[in-house]
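Chain lettering (A, B, C and D) follows the sequence in which the chains are written, and residue indices restart at 1 in each chain.
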Amino acid sequence: MSTLTKTEGETAPTGPESFLSVSDLRVRFSTEDGIVKAVDGLSFDVARGRTLGIVGESGSGKSVTNLTVLGLHNPKNTTVEGEIVLDGKELVTATEKEMEKLRGNKVAMIFQDPLTALSPYYTVGRQIAEPFMKHTGASKKEARARAIEMLTKVGIPQPKSRVDDYPHQFSGGMRQRAMIAMALVCDPDLLIADEPTTALDVTVQAQILDLLKDLQQEFGSAIVFITHDLGVISEMADDLLVMYAGRAVERGSTAEVLRRPRHPYTWGLLSSMPRLGGSIDQALTPIPGTPPSLLNPPSGCPFHPRCAFTGEVPGDRCSTERPPLGEGRAAACHLTAEQKQTFFIDKIQPRLR
Amino acid sequence: MTSPIDIEGSGTSAAADDAPDRVKAVETKSHEGRSPGQLMWLRFKRDRTGVVSACVVILYFLVSALAPLIAKLYGKDPYTLYAQEPEYPFLLDDFAMPTGSFGGMSGDFWFGVEPKLGRDVFTMLLYGMRTSLYMAVVVTLLCVVTGVIIGMVSGFFGGRVDYWLGRITDFFLAFPQQLFFIAFMPVVTAMFVSPQDETPTYLRAVAITLVMWFLGWMGLARLVRSSVLTLREREFVEAAKVSGASPWRIVRKEILPNIVTPILVQATYILPSTILSIAFLSYIGVGFVEPTPDWGRMFAIGADVYEQDPMFMFFPGVALVVFVLSFNLLGDSVRDAFDPKTGR
Amino acid sequence: MLQFLVRRLIGAVVIMFLIGAFTFFLFYTIPQDFAELSCGKNCSPENIAVIRENLGLDKPITAQFWEFMTGIVAGRDFAQGHCSAPCLGMSFDSGEFVWDSIMDRFPLTLSLTVGGLVIFLILGLGSGLLAAWKRGTAADKLVSGASIVLSSFQIYFLGPIVLGILVYQSGIMENPSYKPFTENPVTWAIGLLIPWLVMATIFTAQYTRMSRSTMIEQLQEEHVRTARAKGMKQRYVFFRYAWRGSLIPIVTILGMDLSALLSGAVVTEFTFDLAGIGRLAVDSSLTKDLPVTMGVMLFGAFFILLLNILVDLAYAYIDPRVRLS
Amino acid sequence: MKPIRKRTTSTTRAIAVAIMAGTLVLAGCSGDSDGGSKGKSDAKGQKDAAKQQDPVAYGDAAASNGPAEEVPGAKPGGFINVYMQSDLTHMDPGQIYVSDAGQFANLVHRGLTNFQEDEEGNLTVVGDIATDSGQSSDGGKTWTFKLKDGIKDDQGNPITSKDVRHTIERLYSKVIFDGPTFVQSWLSGNDYRKALPDGPYKGKHLPDSVLETPDDKTVVFHFSQPRQDLPQALAMAGYAIVPEKRDTKEKYDDAPAALGPYKIAEYKPGKSMKLVKNDQWDPKTDSVRHQYVDGYNFTSTIDQASQTKRLMADQGEAKNAIQFTDSVDPAQMSAVIGDASAKKRTIQGYQPYVWQLTFNLDRMKDKKIRDAITYAIPNQSMVQADGGRYGGEVAGGLLAPTLPNFDPKYDPFGKLKKPNGDPEMAKKLLKEAGVEEGTKLTYAYSNTPRGQAQMLIIKDALNKIGFDVQAKEIDRASFYEQVGKLKNPYDLYMTGWGQDWPSASTVITPVYDGELVADGGSNYSHIDDPQVNEMIKKALTQQPEEAAKTWEQAHHRIVEEINPAAPVYYSKQIQLYGSNIGGARYSNESSYIDINDLFLKQP
């Protein structure tokens, strides 16, 4: 866990300090049904050694954002606008060759399902060694040694023999460790972890999270951690970004956002999440409705069709005017700061107990 | 929890495609309360190639169904030996080839006349297509029904039943298909035949149907079995079981609706391949015989006289290519509409 | 693995036996005196009786079946001489040993298959990969379009057209014929070039479509994306990761096609007047020549089962999950 | 003689002289033939056929002495490619009856006698391994043959009278069941097998009173009746010599010994065969055969259509190729005739076959109905389905133009005037016979393309006069066996029959002799008319000239008074050969290309 905590209202680190800076990112897919605005005006920054958590429902654009950072979208039907600056280098306009040099080297990614994300046809060792050979020009032998070293580091027992195993011979947790080893093999400065623990059971999940934290300390990398699990986030992330319908709806330090959320969507997320020690009688409250179509997003605030508080906003602003997201600790909602606070305390907090 | 966009939106630049968006489209529409069937239909309607091919295929079926009517309007039939009729004294030359150019095409005989016997090619083709299409529909239906039943039973009951049905399927799969068709057509025909009366066309049709049916259902049975196996473990089936629904009800209400689409897609592949197999049998000389008009037999005749009268083969050939092409395209479109992830 | 192989082999033998029994007894349901097939002109009852005895048709059916099946393993003795194992009996019609007739024709069918196979695999997989690589470009559309049109052609339609153009009209090529590879590989290849090309045209199209679509499917696999996320080159990802995965469906279909082809590229043989296994099958079934039909069926089934096992071995080679489980 | 037992379609042929003269304005492919040229070609055709009507002469020792007269321009060397659509049915001479194997036998086998054919096509029976065509005594009941010197098989074993005896005696054994039975039954009666049940294989022999071999060079046949046709019968391939030492019984059918100019070097059943020179054959002993080419490559997998296509194209190996027993594909007839260069490379003539619509007299008892059907048949269309004008010619009677004393004007049913049938006459007769509309008739046909086409025509014609024709297909392989059964359930079937040698005895006896009605026999109509039977008996003992008259009488009686089979058409022969083939001509004897005179122009 990062020691650097921020006070409320402070802006997220920007400028030279931030390692990855995404500003006003817009990603669109053209389909036969029309244009899908998968990400719409998203901005965030991550500094070295810090962890940014991104939460949101399925289809809120979390993963698309991060794939776009790595340039893994399909250039043919995807338009990317805005800026992605990694360590001072602009990525949106970078060539495929330049991106290849970055991927796996400066930026690495951990995928959600290690079973499908690892190739079944090659040994774990080979898959770990491959990027090392490519990016450092190491020989096969060196790469193999490095793979064993990495496996040791992520806590695989008997790494010398397991290195020649195939992914299907690993258990789920071991696979995820191997995946992490693969991601970290070139000491990346930025690690994007896309729901790295979703497919694992809880005990393994904790081990993996610990592992990630330890490794972050050791390497000092920045981590972007994507999940829909607020519990995991509270443990991992320094800062938090809540996404809805391709946009950021709330931002702030993790503790702050979780303790005093300001956006009705975040409230919804929190109340739909079971808590340890919560009352058994207390029913979970899911967010009504379904996530919106990104083909044809709702006008105004994209959350308004599902929002219980639109009545509190004068006029029909919710459905006509898109609420902006301020700098730093902020939430994109038309409710006044006061309203946000009272509603949370009066209506939401009791349910979280 | 798996969010489709997470998986789909990630294709490599060479590979990624419109798939994620389509999935998104599905989501979109489903919010508006459309059933998967309606969605498929919507997607299908947008696919221009698919719609055109569907029209062509429907046209073929229409023409086949209406063959007698068309023949009546046109004034000929595929059986009369026009060279024998006094109205057409000069249809065939001394070598029994059509007298006119382009295989004897004329206002009277649109697609020309058959060498040797002087039958009308246009109606022969119409009726030939009719024979093939009818047969193919029947065979396809039989194969689908058999395949579905066997696949369902072995998938649903599992265990011993599944094991033995699997072995039986293996057994049938080990038959060399082409050789089997060839070897057993004469045998099966002979089984039905009275030694004296003419073998009626329907008996031959039955024989062909039986032979094709015999080796036609296994692919579908396997497909259905594996679908049922996965479905059986799904929550809604479990739920139905727990709530005490009878197996029959589970099959009918929970499982069947979920495998209809793959069956449909598979059927669009079985049908044209059946037509080709029937044509193949007649081409080889073990399928339909004179005087039944049949597509494959026209190729056999055509191959014989190809050099003298290439036009004879032209119309059946082009008709077959167009038909198979449309059906292939249609199959692809149906599959895409059903399962947008795979494919093109 | 070994245990698996043994199990498969035993299963194959059982299935062959069942197919043999099925064929044999079905043939006996038809009202046909097989002895009549062997007599040419003088079918007097005396001659028929002589033939019936010669062919062993006077014995009970089950005894005949048993003789046939044991003959495969142990060989049999006929008046015409000893028929050594694997003895598939003696043709009622021509009096040849069936095994000899099959072996006689098999080289042609094998040549047709292998030659066509090499051409359509190279062209089909090559163009499929190209189309997948250049997905969405004009080249892709051209290849995909051409392949779907060509795959709708039939050998019995395309064959005569090609013959007409290359042989009868222009005289560039000679009529297809089979000359043993062992005699002269060049004349062998020239003689079979037209059938190869015609077969290849149609099969190529199928393989193009298939390899393209499986490649595209594979390219959407997560592990392929992972490979790219590791910074591997596109080409490397394409050929090492995606291609490996595409091999499984391709091998499956190939195994099916190959066994169908080997057990009789009947239409090709008919269209080009080549005497291979398929021709033998048609002739024997038209004359109801039971031993030949039996022989050809068993031979065909043998190849199907053999190729099934080979395909399984290929899976094991390609996919460690299969190999190591 | 032989029913036509080809696996596939048609046998066709036409008029040699017409083509050789090259003057005729034959229709070509235009089809608008004017009457003039048509008449002319017919006239020529009949003149040609007339040549085939010359009675066969029996040659003396001088004629039987080799070597055979050189073919002008012949060169030695090279291989001839032989196209066939199916394999030879047999190679064991004892089993050889049908003509494809007979053609082959001329290259490999030798018998006691053989036919020699001059440029005009006149036939003489000469001694083959015998010094002459045989000496008869006792009014034709005893025949003596002396063997030539220097006759050896391909391993150099000299041939003696023992081998001749063995050849005849093995025909009595169970090994042989497919060949001709004339000589055996003349020697030992119709149930000849009982005379020597195991043939010569168990050391038993026919008594000297039947077959005598007084010394190594002499063979004497003793018959109970005069057998004037014996030299011709012995010229059949079925009586060619099987050397005793070489006889392997059943296995002989695949690997026979060779006495002729060629021997088998390689044989792949159903596929191919290679013949090479037999160096033990001495041209000085043979007055008929030549050994110009080094050998023959047989391919027995090329169907008629591709044979024609290949020979038309005349490319590469096809230049050295011939059709052996198959004919030009009827479907390509117009192309062949229309292409001057291809037409030059044809041989044309009649085939000995008369196609007839046979009535099963056990079922079709009313002659009026039979006559009605005969009138109704559109003969011309039937010919059209078998290659058109070059495939056949409308038949008036049941004896072929290849037989002596053929009468082209004989036409009791007026077919020459109304080649497409006379349905009015037919309907009239049916009315008289009181046949009801819709009476069922079962027509059996061989399931070949031609069989199917002709079925459609017959069905069409007979349905028009009020029958309900049930067409019943029979596998091509067992067609003759099925219709050869006494109790067959069919009313009508097309059969073809041709002579074994140019004498009506080989047609009328097997097909219309009531005493030969039997299961598996060739009296397909089951006609049993005492008068006809009587005339047959008489003719068989008569000298050829008188016999010819008796045969004609019998023929007229059969056609006009009994009508067991409606004459449909005479088959014609037209075969193609490659441009490098020399010495090609139509052989009156085989009615195929003359296999004895062929050479390569550029070996």
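Everything that follows uses one rule, which is that a contact is a pair of C-beta atoms (placed from the backbone, for glycine too) under 8 Å apart; a residue touches a chain by one contact, two chains touch by 3 or more.
Given the structure is predicted, the values throughout are model-derived calculations rather than measurements.
A.B. asks: Treat touching chains as neighbours: how many steps, at the fewest, connect subunit A to subunit D?
C.D. replies: 2
A.B. asks: In terms of C-beta pairs in contact, which of B-D and A-C ranks higher?
C.D. replies: Counting C-beta pairs in contact, B-D comes out ahead.
A.B. asks: Taking each chain's centre as the mean of its Cα atoms, which chain lies farthest from subunit A?
C.D. replies: Following the centroid criterion, the farthest chain would be D.
A.B. asks: Suppose each chain is reduced to the average of its Cα coordinates; what separation in Å results between subunit B and subunit D?
C.D. replies: Once rounded, the distance between the two centres reads 49 Å.
A.B. asks: Would you mind pulling out the distance in Å between where the CA atoms of subunit A average out and where those of subunit C do?
C.D. replies: 54
A.B. asks: CA centre of subunit C versus CA centre of subunit D: separation in Å?
C.D. replies: 40
A.B. asks: Calculate how many whole Å lie between the centre of subunit B and the centre of subunit C, each centre taken as the average of the chain's C-alpha atoms.
C.D. replies: 23
A.B. asks: Could you list the positions in subunit D whose residues touch two or more of the other chains?
C.D. replies: In subunit D, residues 309, 447, 475 touch at least two other chains, as defined above.
A.B. asks: Which residue numbers or ranges of subunit B touch two or more of the other chains?
C.D. replies: Residues 10-13, 15-17, 186, 195, 303, 307.
A.B. asks: Give the residues of subunit A touching no fewer than two other chains, as numbers and ranges.
C.D. replies: In subunit A, residues 72, 76, 96 touch at least two other chains, as defined above.
A.B. asks: If you look only at subunit B, which of its residues touch subunit C in the complex?
C.D. replies: Interface residues on the subunit B side: 7-8, 10-17, 19, 170-171, 173-180, 182-187, 190-191, 195, 276, 279-280, 283-286, 299, 302-303, 306-307, 310, 313, 317, 320-322, 324-325, 328-329, 332, 341-344.
A.B. asks: In their shared complex, at which residues does subunit A touch subunit C?
C.D. replies: Those residues of subunit A that touch subunit C are 70, 72, 76, 96, 100-105, 108-109, 111, 113, 116-122, 127, 130-131, 134-135, 166, 168-169, 179, 182.
A.B. asks: For subunit B, which residues are in contact with subunit D within the complex?
C.D. replies: Touching subunit D: residues 81, 83-84, 90, 92-97, 99, 115-117, 186, 195-199, 289-291, 300-301, 303-305, 307-309 of subunit B.
A.B. asks: Spell out the part of subunit D that touches subunit C in their complex, as residue ranges.
C.D. replies: 2-3, 5, 87, 89-90, 95, 97-98, 174, 177-181, 193, 249-251, 253-254, 268-271, 299, 301-303, 306, 309-310, 312-313, 315-318, 447, 475-478, 480-482, 484, 518-522
A.B. asks: In their complex, what parts of subunit C are in touch with subunit A?
C.D. replies: Subunit C residues touching subunit A: 136, 221-234, 240-241, 244-245, 318-321, 324-325.
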